[in-house]
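Sharing a structure, written as structure tokens. Questions coming.
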Amino acid sequence: MALLECRKVSRHFGGLKALVDFELTLEKGELVGLIGPNGAGKTTVFNVITGVFPPTLGEVVLEGRVINDRKPFQITQMGVARTFQNIRLFKEMTVLDNVRAVMHPRCGYNLLDSFVRTPRFARRERELTEEAEALLERMNLADRRHEKAGSLPYGAQRRLEIARALATRPKLLLLDEPAAGMNPSEVGQLVELIRKVKQEFDLTVLLIEHQMGLVMNLCERLVVLDFGQIIARGTPAEIQANPRVLEAYLGKAVAE
Amino acid sequence: MGQLLEQVVNGLQLGFVYALIAVGYTMVYGIIKLINFAHGDVIMVGAFVTFFGLVRGIPWPVAILVGMVTCALLGVVIERLAYRPLREKGAPRIAALITAIGVSLFIENFSSLRIAFGPDYRQFPAMIPRAQWNLFGVKVSSVQVLIIVSTLILVAILQLVVYRTKIGKAMRAVSMDMDAARLMGINVNQVIAFTFAIGSALAAAAGALLAAAYPQIWPYMGIMPGLKAFTAAVLGGIGSIPGALLGAVLMGQAEVLTAAYITTDFKDAVAFALLILVLLVRPAGLLGKAGPEKV
Amino acid sequence: MILQVQDLQVAYGNIQALHGVSLEVNEGEIVTLIGANGAGKSTTLRAISGLNRPKSGTIRFQGTDITRVPAHQIVAMGIGHVPEGRRVFPDLTVRENLELGAYIARPDTFHKNLAEVFERFPRLKEREFQKASTLSGGEQQMLALGRALMLQPKLLLLDEPSMGLAPRLVQEIFGIIAELNKRGTTILLVEQNAAMALSIAHRAYVLETGRVVLSGPAAELQSHPAVREAYLGGSGHGH
Amino acid sequence: MQKKSILSFALVVALYVVIYFLRRAGVITTYWGLILDLALITTISAVGLSLIYGFAGQFSLGHAAFYGVGAYVGAFITKAYGGTPLNFVLGLIAGTLAAALIGFLIGLPILRLRSDYLGIATLGFGVIVKVLFDNSDKISKLLGGSMGMMGIPRITTFTWVFWCAVLVIWLARNLINSSHGLACISVREDEIAADIMGIDTTRFKMLAFTLGCGMAGLGGGLYAHLYSFLHPSNFFFLKSFDVLLIVVLGGLGSLTGTVVAAIGVVFLQEILRDVLGQQFLEWRGVVYALALIVLMILRPQGLMGGWEFSLDRLFVRRPKGGNARGAA
Amino acid sequence: ACGGSQAPGTSTGPGSSSSSSSSSSSSSGSGSGSGSAEKVIKIGLIAPLTGNVKTFGESSKMGFELALEQAGYKAGDFKVEAVSGDDKGDSTEGVNIATRMITQDGVKAIIGSVTSGVTIPVGIVANENKIPMITGTATAEGVTVNDDGSRKPFVFRACFIDPFQGQVAAKFALNDLGVKTAAVFYDKGNPYTVGLAESFRAEFEAGGGQIVAWESYSQDDTDFSAVMTNVAALKPDMLYLPDYYNKVSLLAKAAKDKGLDVPMLGGDGWDSTDLDFGTLDGNYFTAHYSADDPSPAVQKFVKDFEAKYGTKPDSFAALTYDATNIMLEAIRIAGTDDTDKIRQAIQDLKGFQAVGGSISFDEKGNPIKAATILQVKADKTYGFVTTVNP
């Protein structure tokens, strides 16, 4: 069974058809890229999958279950996590607390435990904090864990977004322009990071990105959107040669 | 039927006074997202200044004008001393709100001192001769006509200023993005001060009309009308001038019709229940645009 | 020399973002400022256009000290700034945005300038009465540029104009920048896309944690090993 | 961990004993004792709002209404069934639960609203509740309606107030320092992001709101049995502002700040009587307002910023720098 | 269970706290006959000196101070020290300041407070601490008696209890004005107006009159157009407006706006220079006294008041003036600062000559005194109509 299936998904905003008959099947362990011009509907795909708004038409199916009408937090608890194109960290919270907060659904104790500080509370708190710290270590953020998230440099904030997404223990990770605002060398590091994390956490990844270096390097196959419609699918090599994609998106010279 | 219509006119009188207060609120809110709780007290100052003018025999339009100018200055001074320092420090929005509460308390308490207006209730003299007409079987008084006409004129002028003038465009720009507005060469502080001036001048006019309709003034007179008018602005969709007008008229009708046909005891309860119900259906008010937040 | 920045220090609360940045821009140049995230590039531009108040240091524009001049007056002196993230006015139409760009311009030049902007960005003309919030990312970037050009600035500060844009648009935008410069606008360009930036710039500064660590002609820096390693993605680094 | 808790507890007990005996000995006079009691009651209610607004970010301008619900319900029980200690405790519990329940019921629909809209809706709710208090004599003559409710037994003592305050602060602290608390704070920081990151935002908004309203109710119950007279005007919407300004003045997201500000604001009002003397008594309101404005301008982040007093870690953690953006 | 420390006043007896905290050297020893001019007694005034009913508090304070000044700050052998405290019109603050005066400042007698909502809890504190207290103006029944009808022995008032005025007004309306139907407006949040309104209704109906409209409003209301429109349609013969001058002025104007040009009748709350004399010209109200009354108490008060303050006294000033004089007289009679004796002296007063007439107290601490009916004149004076004895 596929991990995720979008069946003829459309999303309209008033008269605007941001997404039309979008079809996508993600098998477990895949790493797929979603590209296309600005305003093509890429982020809309993520929003529909994560339940920010339901699709106008069609079905989103996660592990065989239709999730059209689930709330975002329920979908996340079912194993889908994402990052945001415009970073949305909990700015006034520390780096560590950003990660700890989203672990809440599996904290394993109830309100009463936290009020009276039962041993179970103490144990779980310790375990969760350790887990969070390990995750931050993994993302090169450990030494900044007591800083406020909002005061981190941009690149670190992007990494923290990924760390926070991972803390929800997702099966499917959605990355929205993770390399935006990074310079090529940082992008290189990011590529490695995504690879390793995917391995370690046994993830399926769908990512949106405009930096072709990253996309071509990382993705096994690509889906190209334009005006809400899929105009091409295929391996990076096929896409790079697709005249329609060149015309709509890449331009004359494909990124170096 | 005639009586119902007469009650509706009563409601319009109340609603239009609220409207004038509400647009002042909504302007300031629109531009710096501040619920300027001191606005109600500016109304009071406007009413008092007009009052002092009237008892000295100054013609009423002049007296109101003097009140408007005084309050415009007051608004600018409040902005300069209390809110701008916070803005320049990049303080959180709530700090400005608390400061506004402080300013409101200050104006009320200071005005109550003998060296200022004093704490007494004063009878507001009639500005225009009392007259009553029968329009299609509905009794309409000269004061009601004065209120409705002046509010309509002032709101129309305001709408023109905001949407048809350069400074209006600057105001809208500042309200959307202060830094970007600066980069257009807009003097943001000046635009905000201007907004306060206009809003406060309208408050003064509203104070004078409020006192004309309910002829008594005292230092705490602004609290309830201020609150109701702000609520009206929210009801209509805060930031929107037509919204403020609509909300205020509805609020006036809700109060008056409840008082007339249910009981006076519940008029505030009904008015606020209406607000809550409207917000549940339209979280950004009747004419406000909420739009699902883009992620 | 059109712009001279000396020993600029800027802090956000307790966080010091710039520790003494000095740089110069000559008339007619494209100068680019590159550096990692959080190096202080945007902060430098914001200080120049008066959005951030420096703790110390001086900024001179055409010989005049503008360090403590408020932002709106700096704009009037001829510095245009296209800020990070475009920052168009979302609820205003394209035309209204452009009108605001000319807020302090002489009214008689308005139509000429508007025509010029529309000529350069025909796409904006097509969308003249559309709200800015409904534009695509690339169109918004064009609008932000066009808005700054309405004043015919002598110096244009550009903060990451290519961010988040599709590759095709990136090329287009860089083309526009080069052309603007050819027509006489001096440009200070901040970019993550160092390769592109260096390819159109005359000179460049490299910023690291609030300090200038390298500077020189763009071509030289392009081949500088440290720059290659840190900003151009090296050649074959394998972690 | 354990040792620290025992130490904290010992310190609290010591504080209690010291104040208790200072009051017994008359060093703290009856009057200042009363003010202290009032300050602690205010603290209890303010901690409630701190949870709702300071931590969960839900802008409530209706706190006084919940305080009033607790006061009226508690007072009704002791007045109707006699002021025995048992009835007093039952009254406090009933008042707390009633406020929490009403908070829950009203929160369910209106917590969907955002920021200022929520504020105005809760304020409106407060106005409605006051109208109900005004007409409460139609429910039971004992409640007095708009004439006020008399004859409430005076049972609240320093001991009650102190330990209730300790309980409330302790509960709030424990909540905040748990995963549940982090979830609440994440809602304050970015509700949409929290939702998308798997946090049931509705649940945590409701949790903070219900708990916070309950705390207001507890404070109200204690108030009723300390002042022995209730009047609907005690719960006028302007009283909600008093609590709000305490929470903001203390620093959003700082329990320490809330406690310090609550005590400070109550004492300031009384101390001004001494400072101004007989002659300038009528300047009291003016000076108070000025103090508020000046404090806010000098410390827009609040007295404590986000700082929290802590025995476990006596180092100062001050996560707030300059805030990101202006008032826009 | 928890033996906490003192709630306001529970454990502080009358003498104990003052002997430790008061600076007065002679605070104990009731009739000890030591140095006569040295004995000091502190009298406290509690009134809203800030806040939205400040104007009432200020008037009261004027009356208080005038009384003390006329007495040369003396009460018998005692030198009187005045302490004033602000309650902001808020019951919490009222209790705070009362507790402070009693347990800290060593006040032995309290004048105040002004509004019933504050005076009720203040009275509880005074009574528990056995400190005699007289309010000039708080009219609610609950000020001097508890819920269960039992008396708070230390609490008195100088004003009518509400029912009396209502009865007088109703009789006047039926007999002198000859009306048959009346509309009544009252502030349901103000016990004073409720009391007057209800007693008026009872008496008016008992006398064969008919109440055609029974309308309440709240303290914050200023818009009466809706109710007045309704009432005008009912065409009542008269309006009964038992509220204070500020509300009455608004109500009267709203009535005239709606074409209701009928006689209006009110209570002592009308007595103020800020009344809208023009609109209310020719209408009547029940009052405590008439400035034209040749009685020396009245003449002295009116003359001295105008001399000291340059304005005419209103009913707040007059009543608080009376309250203060009653207290001074009681201290003189008691000749001691033993608060229980002072209390007894007040209770035992017979025919004390006050501005509001000859005063004695009934078993509930309310004065037994006559009411005067006055007519409002457009030239800002009142015409004496008649006096009605209880």
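So that you can tell them apart, the chains are marked A, B, C, D and E in the order they are listed, and the count of residues begins at 1 in each.
Keep this in mind: contacts are C-beta pairs under 8 Å (C-beta built on N, C-alpha and C of every residue); 3 or more make two chains touch, one makes a residue touch a chain.
Small disclaimer: the values here were computed from a predicted structure and weren't measured.
Which other chains touch chain A while also touching chain B?
Where chain A and chain B share a partner, that partner set is C, D.
Which chain is most remote from chain A in terms of Cα centres?
E
Report which interface contains more C-beta contacts, comparing B-D against A-D.
Comparing B-D with A-D, the pair joined by more C-beta contacts is B-D.
Quick one: chain D and chain E, Cα centre-to-centre, how many Å?
It comes to 35 Å between the two C-alpha centres.
Centre to centre, by mean C-alpha position, how many angstrom separate chain A and chain E?
That gives a centre separation of 73 Å.
Between chain A and chain C, what distance separates the C-alpha centroids? Give it in angstrom.
The answer is 30 Å.
For chain E, what residues touch not just one other chain but two or more?
Residues 50-51, 54, 188, 218.
Please set out, as single numbers or ranges, the residues of chain A touching at least two other chains.
Only 52, 84-85, 88, 151 qualify.
Going by the contact rule already set, what residues in chain C reach two or more other chains?
15
Considering only the defined contacts, which chain C positions touch chain B in the complex?
Counting only chain C, the residues touching chain B are 49-51, 70-73, 75-76, 80-81, 83, 87-92, 96, 99-101, 103-104, 147-148, 151.
Which of the residues in chain B end up touching chain C in this complex?
166, 169-170, 172-173, 176-177, 179-188
State the interface residues of chain B toward chain D in the complex, per the touch definition above.
By the definition above, chain B touches chain D via 29, 32-35, 37, 82-83, 85-99, 101-106, 108-110, 112-113, 175, 177-178, 223, 227, 230-231, 234, 238, 265-266, 268-269, 272-273, 275-276, 279-280, 283-285, 293, 295.
Provide the residue numbers of chain D that touch chain E in the complex, in ascending order.
Counting only chain D, the residues touching chain E are 20, 23-24, 26, 29-35, 37-38, 79, 85, 134, 145-148, 150-151, 154-161, 163, 223, 226-229, 231-234, 269-270, 273, 278, 281-282, 284-285.
Which bits of chain B are touching chain E when the two form their complex?
Against chain E, the touching part of chain B is residues 3, 6-7, 10-11, 13-14, 108-109, 112, 118-123, 130, 132, 139, 141, 143, 213-216, 218-221, 223-225, 255-257, 259-260, 263-265, 268.
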